[in-house]
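Sharing a structure below in structure tokens format, with a few things to ask.
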Amino acid sequence: MNESLLFLIPLLPLCCAVIIMVFGMRLPRLFAEVLAVTGVAGAFVLTVLFWGYSEGEGTRAVLFTWLNSGSVDISFALHFDRLAAPMTLMVTGVATLIHLYAVGYMHEEKDYARFFSLMNLFVFAMLAIVLADNLLVLFLGWEGVGLCSYGLIGFWYQKLENAKAGTKAFLVTRVGDVFLAIALLWLFAITGTLSISEINAQATSLSPGVVTVVSLLLLLGACGKSAQLPLMTWLADAMAGPTPVSALIHAATMVTAGVYLLCRLFPLVSLSVVAMTAITAIGALTAIYAATCALAQREIKRVLAYSTMSQVGYMFMAVGAGSVAGAMFHLLTHAFFKALLFMAAGCVIHLAGEENDIFKMGGLTRRGPVELFWVFLAGAVCLAGLPLTGGFFSKDGILLALFTHPDPVYRVFWLVGVVTALLTAFYTFRLVYLVFAGEYRGVGHPHVLPLLMRWPLWPLAFLGLLGGLLNLPAFVGGSETLHNWYDNLAGRTVTASHEVEWMLIVLAVAITAIGWFAAHWRYRIYRAPQENAISRFLLNGWYADALVDRLFVRPFAAMGRFCSSGCDRTLFDGTLNGLAKMATGWSALIAQMTTGRLTTYLSAFAWGFLILLGWFLLKLVSGGGH
Amino acid sequence: MSLLDLLALLPILILVFAGTTILMVGAWYKEPRPLIAGGILTALLAALAAGMVEPPVSEIAGLFSAGAYARFFTILWSLLAAAGLMLGARFVEDKKIGAGEYVSLVLYGAAGMALLSSATHLLGLFLALETFTLAFYILIACNRDCEFAAEAGLKYLLMGAVATGFMAFGIALIYASTGSLALPDAVTQLTTASGELHAWGLLGWGMILIAVGFKISLAPFHLWTADVYQGAPSPITALLATGSKGAVVAALVGMLAVSGPIWHDLVELLWLMAALTMLVGAFSALTQKNLKRLLAYSSVTHMGTLLVGLLCQTSAGLAATTFYVVVYVVASFGTFAVIASLADKRGEPMTFDDLRGLGYQHPVRCGVLVLLLLSLAGLPATAGFMAKFTIFHAALQSGYIGLVVIGVFASVVSFAFYLSVAMLLFKPDESASSWHAGSSLEHAVLAVCSSAVLLFGLFPGILFDLIGRLLP
Amino acid sequence: MTVLTSLPQFPWLSLLIVLPLVGALLCLMHSKRPADCRALSLATSLAVFGVALYLFICHGQGEGRWLLYEDVSWIERFGARYVLAMDGIALLMVLLTSFMQVSAVLLAWRVERHVSSFFALLLLLEAGLMGIFLAYDLVLFYLFWEVALIPMFFLISVWGGANRRQAALKFFLYTLVGSFFMLIAIIALYQIHGAQSGVYSFVIGDLLQTQLTAAQEGWLFAGFMAAFIVKSPLVPFHTWLTDALTESPAAGSLDLTGLLLKTGIYGLIRVAFPLFPNATENFLPILAILALIGLFHAAWSAYHQDDIKRLLAYSSISHLGLVVLGLAAWQFTAWEGSILLMVSHGITTGGLFVLVALIQERTGTRSMKELGGLWGQAPCLGFLFLLFSLASLGLPGLANFSGEILVLLGTFQQHPLWAVIALLGVVFAAAYILRLVQGVLWGPAYKERSVPDLTLREWIILLPMAILVVWMGVYPEPFLAPMHGAVETLLAGGLP
Amino acid sequence: MMIPFGHALAFAAALFVLGLTCVLLRRQVIMILVGVEIMLNAASLVFVASSAYWQQVDGQIFAIMLMAITAAEVAVALAMVVYLWRRKRTLVADVFNGMRG
């Protein structure tokens, strides 16, 4: 199969999205569902078939020229290489499972065509980011993903808060996109091209100052999409969307797009030490911030949302520490267990009668199928980082990379990482106990769980638990398959003496244990949550929303009022109306001259004669009539 | 007055003799239609004669020239008289005015205008001026029903009389200082003569300027215009607004063409007068609530622009002024023709309340009115734009940047009030009362006017070349 | 130096102008039978679109300065000639005009009051616009420049909204004052050129060689800019547009925003820049600053609006600010981007205006407070509204993005700071467009009313526009191809 | 003996100004007409004087013509006066201010 068929991977979901959008409502519901799932599953199968093409430098496929004007010559091109292959596999795989789950979840929803077309469009946009050869196609995917998340968050648009949440998500990510666009323009101006591989090749020849600023811009762009510190307020509200959307977009794919961008441009970004420390710093700060917020959340999905933000913080720290392999490893394992947790949360909400608040749940092991508890526990265990689980190995790899980094400041980040791990373990088990332990505190009657909502959870559970095999560290006898798979793209190879590795593993196990026991002690017997300043502070995400609102939204609206009514109404229109009034004033004045009386007309005659005489005398006196 | 002179004077003679015979016949035979038809035929015949018959001698009794320029304007004024009679036909019948008197007066007026345009001698100029002014004294006040007409007549009469006084005294002073009345040398001596007599001559020209100022309603002397236009019946106002002003300007252009730039002393005064006229005319029209008064003040603005053209005193300036006069005559006659065609028993639609939404009762005529107003404003694709373009071009060529800017400002203001009238006519919600359907003669006049405005707007070349050949 | 004498072939360009005029006349004659008027004007605009398409296909790729050139003497005394010349840019503008005209006629299908004069004015407007885009003689250009105002004036003042009369007068007088300064500049330039070379002519081709002193060039350039800045509304002079757009009838606003705004910018490219190269040189930074101020001012004002039509008016000003910025960068890609953005803006904002008109027909209101939840009641209309809003937002893969990214890429190479500031403006665009979409589509239905979905006629108007929006976003090549040559020569300082 | 030309001119000018003031100050229409007549006579006086000064006959011809025109004008004016009197029973010029603005 020649490489131009590579385009089928992103185009298949796109075609299905368009078909469902156009014919969705007219054809039976089953047709839309089947088409949606096959669209994504087909892409998954194609990725597996094309796996061989990703060896070595990977294959490049060009569809047609997109923009050709003067020095700009950009075309729709894909680059399927060793970095993109596993990512595509994960995206299409997880998406297939989520689509199956969504068929079950959205069973009663009437407006299914819009949902499935947007989901497929989202997968297309994500694949465009992953497989893009030049930055403009990546930007196309980047904004496409933002659009689909806007559409899907605000899916139940009848309630205005959902629509507002969607708009907020789109705007905040759009701010991030601006920084990415500036970096894109700058790179084009200095390198004359937007193709990623060429930029990476020319990276060494660029001046260090420029590289630092461009990398920082790329970082801010990535923060927008991956909900990192400065631009993270939208992720918590994004939970207004249906659960499959949260699972797909806000756990597995979109939030990791930022990490993938930094990995894709790693050769450029890694040249500037300042940028690398900045990436790690932002990762660490977001991790600790999100972890603390997760402690006090009342809704199950918001806990998971903050947890995602925290885990993506870990991935940023991995990239900052120079280990692309570590970041991608954690990205893949996180995608599996976080998608699992979100889908399980969906089932839990169904069981609790559409109730989101975990303090109104409890004792769900008995209300629904018992297997749901075990699957949820599997995900929780990976998230908390219990030994031998996928989450454990990937998180430990990152902490190792941070610990062994030559730069001493990374030790501080390592410490932050360890504290965050502790908090992660605590809020994970807090969630498990509150949801499953004790008596049912809610009022809702349980909805029956369709088979399709339970069946896809199992594969993700196994992948999460056995994820460690992907990149088993050497001292445990593993072959670090992922690291070797990336080889030249993998960044810094982490080498540490045995004592250090064992010390870190023991520390990690201890941390998880402490977290579990603390949660056990606190939440095993249910006690009503007491409201105090700290819990409200954490619940509102350190009042970040209020800060953004006062700093940006209100001044923007004030400027709007100033420009529109201030400038336009009073200043510009005011002057115009002033002129018009002056003109009519003069004309009324002059019109009064014609009083209608003959004497005035004759006196005007006389005045004219007097002016003539006066002028005439002036002429005589001055020039003697030259 | 040899036989050749008489032959050269043929069109004027036709007008005058026919006028007298119709007057006599009118005394016995009261039926208006044939008399008016006779008047129209005479006017057309006179125009034909002026066009066809090549005058053997170029000057008649030293008073009037019979050159191409004079013949052109004789044709124009005869056609105007014919159109005036066509408009007046229905008016005369309704108001039971003596048709004979009406027709003869109009014909005498036309003869006076033709003579004025071809005057080369101050006496001829004065006589011609008086002939048609006297005719208009009576015509303005002939509508016995409306008491405004008498008032308008009185105002025009008194102001005209004073102006005649000034004109006579002005000519006398020029004669005193130069010793001759024939235009070319009366003027040349003025520039060469020196000493105290020259001063009197200059004052004489000033006085003539005042009389002309009254006649073509320049700034300080324009106060009578609005009242007379409003009071007089529309057919007469049409003739007054176009004929009398056009003839005076034509006389000035003829004089300047023959004697070259004579006004170098008066330029500052004329500059001030032109600017004042344009601005006063434009601004006083802005808040008018009566269409005829609005058109009166707009004609004041147009006269200001004409004065700018005269001020240049270059051949380009004179050609531009002549073009402007012809276009102004056609457009402004058309506007009053529309009002005349709408007039019925209740009078004429003048105030803005009558006009509101009138466009939907009489779409075609209101469309023509809007087209003519836009031409008066100077919208491209209509003759008005070409006229203003040439005037501004000539003024810029001879360096009157200030006047051009004032002219531009005045035309912006004039666009404002012309367009508000256009909007008023086609105001969608009000349903206005319907007026007279208008006779076929009036429709013919309107058709001629509107097509002329469009023709000269899109293909001004025709008129430009004609004028180029006329001016010596 | 007389440019090519008139090529002895079929006068296509005059046909583009004469056809709408004939259509207008026929419409007036059929004033008694509205149905005939509608069919007649549709046939005329389709015919004009057909001619434009033929020119696009057959004469799209001519080399040399002009694709088509017509030159007939008009007023010998002044040396004003009837010269029509079409290059790549003019071709695109002609195509856009004829396309928008067909949709304007279709949109105006349900006008009841004085149908024949409405369509006659619409066709007269099209003739005026074609004239502006094709005229290459200053007097002819000025003639069409003003003639295009009259139909728009009457469309607004007779068929307009609440305070239409004031808006119509403001619209007309604003443009008039600007164009009078241009008239004085034209005459002065003609004078200077005549004095220098003895050849008195108004054809822009001849006037290009006039050697002007710095002061002269400055003043004349200011005269021309007065007309063009007011028409492509740069901020201090834009209030006429918001009033005119909100008050004009549906078809009128379509033409006003889609085409009349472009005549100002087109005038810059075709007349002002080539005639006064070095005056342009040191005016570009000021133009860029004005454009940027316009971009932000309009974006902020749009965010504050409640009336959706007025919001779209401000969004048009904001987009054109970006277009003018692209021109001010004086760089090949930036110019091509801004011309492409001009065309795509015409279609996206045109589409939005069509939809706003349909929404107003259905719900009787344009205020966002009384609109909402339209997606539930009319999904197709909602979808298209979302599509066009996202396109005007600058979403990659849709029409405006290709123009915007080219402008930004080009401008960044010359003036990085301008591009960065402009990019911030594009974010503001997202703010007010999303507020518009949320106000109209999402949220609970304001009050229970049956909002019928799109009828066949409306689909016929909107579908081609939707297809064009996606086509120009994904494959703008056919639109970029014809303008390479034209932009090349214009950037070379306009001297042929 | 010949009266010097300057004196004649000065006298005529004074006469003209008198006529003008009569026009401006008087209220009655008839008296305004009288003022106009005085102005016209002043003009014809200048004509006769300058014709004597320049030894030409044109001035005198103009003076006779002027008389004819003055007569015509007075005829029409008085007809107008009678007509106005019949309508409004008054001849004060300012009463006729029906039209204004």
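Note that the chains take the letters A, B, C and D in the order they are written out, and that residue 1 is the start of every chain.
One rule holds for everything that comes next: a contact is a pair of C-beta atoms (placed from the backbone, for glycine too) under 8 Å apart; a residue touches a chain by one contact, two chains touch by 3 or more.
Everything numeric here is computed off the predicted structure, so don't read it as measured data.
*Asks:* Point out which chain occupies the most central position, where each centre is the mean of Cα atoms.
*Replies:* Central by C-alpha mean position: chain C.
*Asks:* Applying the document's contact definition, name the chain pair with more C-beta pairs in contact, B-C or A-D.
*Replies:* By the number of C-beta pairs in contact, the winner is B-C.
*Asks:* Report, in whole Å, the distance between the mean C-alpha point of chain B and the mean C-alpha point of chain C.
*Replies:* A distance of 43 Å separates the two centres.
*Asks:* In angstrom, rounded to a whole number, how far apart do the mean CA points of chain A and chain D lie?
*Replies:* So the centre of chain A lies 98 Å away from the centre of chain D.
*Asks:* Once you find the CA centre of chain C and the CA centre of chain D, what distance in Å lies between them?
*Replies:* Computed from C-alpha means, the inter-chain centre distance equals 65 Å.
*Asks:* Taking each chain's centre as its mean C-alpha position, how far apart are chain A and chain C in Å?
*Replies:* 37
*Asks:* At least two partner chains per residue is the criterion; list those residues in chain B.
*Replies:* 154-155, 158, 162, 166, 226-227, 288, 416
*Asks:* What positions in chain D touch 2 or more of the other chains?
*Replies:* 20, 23, 32, 93, 96-101
*Asks:* Residues of chain C that touch two or more other chains: which are they?
*Replies:* none
*Asks:* Hey, which chains are touching each other here?
*Replies:* Pairwise, the chains that meet the contact rule are A-B, A-C, A-D, B-C, B-D.
*Asks:* Touching residues of chain A toward chain C in the complex: what are they?
*Replies:* Contact set of chain A toward chain C: 21, 25, 64-72, 136, 139-140, 142-144, 147, 150, 154, 157-160, 163-164, 166-167, 170-171, 174-175, 178, 181-182, 185-186, 188-189, 556-557, 559-565, 567-568, 572-573, 576.
*Asks:* Applying the document's contact rule, which stretches of chain B touch chain C when the two form their complex?
*Replies:* 360, 363, 374, 379-381, 385, 389, 392-393, 396-397, 404-405, 408, 411-412, 415-416, 419-420, 422-423, 426-428, 459-461, 464-465, 468
*Asks:* Under the stated contact criterion, what part of chain B meets chain D in this complex?
*Replies:* On the chain B side, the touching residues are 123, 126-127, 130, 134, 137-138, 141, 147-148, 150-155, 157-158, 161-162, 164-166, 168-169, 171-173, 175-176, 179-181, 196, 200, 226-227, 230-231, 288, 293.
*Asks:* Along chain C, where are the residues that touch chain A in the complex?
*Replies:* 170, 236, 238-239, 242, 297, 300-305, 314, 332-333, 336-337, 373, 375-376, 379, 383, 390, 395-397, 402, 405-406, 408-410, 412-413, 416, 419-420, 423-424, 426-428, 430-431, 434-435, 438, 441-444, 474-477, 480, 484
*Asks:* What residues of chain C sit close enough to touch chain B in their complex?
*Replies:* Of all residues in chain C, those touching chain B are 31, 74-78, 113-114, 117, 139, 142-147, 150, 153-154, 157-159, 165, 168-169, 172-173, 176-177, 180-181, 183-184, 187-188, 190-191.
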